[in-house]
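Should a chain be cited, it is by its letter among A, B and C, assigned in written order, with residues numbered from 1 in that chain.
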């Protein structure tokens, strides 16, 4: 069953086509990587999916219903979760409160919230001193906190924008394991530059270039695809 | 002690202290403190919007005056008793703050500040325009007979003090409960990072609107009680000055702290009180305080304490 | 006709004051709430200079015309360097700080100058009768009716304001300083990277903004008297003008000043001044809510 799809989705900024006529389908339960050279429109595209950015034209469908007209918070309410590319945690609030804010929209009661928050923090390995201010964390740990804020929402679709950027090798290994574990219950769309992550965790890969879908297939197919290589080398 | 019980002990302790003070203070300071508690309630209301939600309003005189005139006009021209009068004041504040919120929240940042300033100015001019009822700048006095609540004469210093303390306690405890509840946490999240809060699925506009209405209602309640306790309703309370005052009090005491508004109001009241003995240009103190605060202590007094000593302060 | 001439005087002074506010907002992206107090200081200084310079009124007036804007401009630049620079031009903190400056200037004036309103004598003030055209029995006739007259000074105000506005435009469009200002306005970071002394440009812009307000005040002070609370109305009107003209747009500001100045005279014929002010304030608020780019602006940037 298709969880998320777009038809003719376009966005232009002052005449510049950031995303152009994209038809995209994401089946439920899949881990999909979205790759492409810098400026290919990846962040704009996921921004259009979750309603951060209004499209110039086109439609977005989620779970069989059209959501193009819904504001961002309603889409999140339907079961999307979004983590920001540029870490955007609540810097002056504690780790615990950051995750609790994400949890409280679906959970009620302090005990239930606390249990889920601690479990989400444990999944990303941030159990130490949850009362610390989020802004005091290292950049890599802030990325992990972002992921915990996504997890705790128990979303049907988790959108991760460059989650491994700034993580250490050990943390990246942990992240891969986490995604595999999650993939049993959650559909995941991740923008990723780290090819080892893409090769190991993604079921399928969509390649964006100049705001359009260049190719789609398994990681191995994409790895071998001449067009994709050309796009990355800038000769395409 | 857990943070929760420390918080309760501190705020409860302040209220008990204020209760006890009425028996020992000399008449002059006794009267001052009653006035400070009502004005601090106004500041507590302001703090909900500015301190906790991060919405800087330059038009809170509009809400204070809405409550005051809602009560005053109902009592003076409608012949209402104090309780229906208070209710009229609250209703006016709710209506005005909801209307202002619906319009002004379409803007943000500097535009929001100017829009609130402009609406408050329009409100002030409206008070002047309907001078036939409001008596404009001159204002009107509520007679003693109009200020008896359930047989309690609010013109007496001790009942007045007690009424002011009750109002203040209600406002402080309401805010305390608010900011410790999930709802208040979302307001703080909006202050810290509005876009992030939206992308966690919160309807930011509705939360902000609720904050404006709660803030405006507390401020309006303070205005209504002020008119009732001190027996005077005048256009000064709708002027720009009374929009700047709560900002100043909250900044001084510490925005986003429950105790900040009271500390700031207390401090500023006595600063102006002392300086007005020296010069008629007592607002100079307010001006200097505003500049110094923005330069050197944007956290305010209680805010600095929280940063340095008591991290748990709500 | 007469109303519109009075309106033109208002518009001229308003344009000067508002262009100062608009310049500051345009280049520095901050709102100066103390702008009205710079206006007030200009008027009070004009009185002070005029009353300390001997000789005919014209000498004192000319001296005031030079000294008051310079002094106020210097004070504004000083305020920029000591206060605004230190809050890093954060929009919200700047507003709070300039509210503080507003009270300081106003109250210091009250302490030194006092609560009285004082006039400055106009340098020349001959009465000019104006012709009136009417259909009479024999076709078009020209009248010089009693009461329909203006003074040479009022015409001078309009001319002087127009000249200064052209001067500001030339400064912005044709000089190196103007180029630096526009570069800073477009992209502060880029300007810094190109070695433009952004801090000095800011101090200068804030100074020029204050000086323009003061200049407007010196021009109006022979018509209105100088008073320590006179800054409120110009501030409010300048806000209205700047917002309706589109935040930071200089041509829009001038156009809006003319519109507001002229209509102010005409509106007050139909409405009481208070009601006119209520409507104007509400209009501004609603423009900001529904058309933040101003009535003359073309879409958001």
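As a working rule, a contact is a pair of C-beta atoms (placed from the backbone, for glycine too) under 8 Å apart; a residue touches a chain by one contact, two chains touch by 3 or more.
None of the values given here were measured: they were computed from a predicted structure.
Asks: Pick one for the touching-chains graph, please: line, ring, star, complete, other.
Replies: line
Asks: Which chain is the middle one, judged by CA centres?
Replies: Per-chain C-alpha centroids compared to the overall one single out B.
Asks: Once you find the CA centre of subunit B and the CA centre of subunit C, what distance in Å lies between them?
Replies: Subunit B and subunit C have C-alpha centres separated by 34 Å.
Asks: If you average the Cα atoms of subunit A and of subunit B to get two centres, how far apart are those centres in Å?
Replies: Distance between chain centres: 43 Å.
Asks: Quick one: subunit A and subunit C, Cα centre-to-centre, how many Å?
Replies: Subunit A and subunit C have C-alpha centres separated by 52 Å.
Asks: Show me the residue ranges of subunit C that touch subunit B in the complex, using the header's touch definition.
Replies: Of all residues in subunit C, those touching subunit B are 31, 83, 86-87, 91-93, 95-97, 99-108, 110-111, 236, 239, 243, 272, 274-275, 277-278, 281-282, 284-286, 288-290, 292.
Asks: Touching residues of subunit B toward subunit A in the complex: what are they?
Replies: Residues in contact with subunit A: 182, 185-186, 188-189, 192-193, 195-204.
Asks: Show me the residue ranges of subunit A that touch subunit B in the complex, using the header's touch definition.
Replies: Residues 50, 52, 71-74, 76-77, 82, 84, 88-93, 97, 100-102, 104-105, 149, 153.
Asks: Where on subunit B is subunit C touching in the complex?
Replies: Those residues of subunit B that touch subunit C are 56, 58, 103-104, 106-107, 109-111, 113-115, 118-119, 121-122, 125-126, 128-129, 244, 247, 251, 279-284, 286-295, 298.
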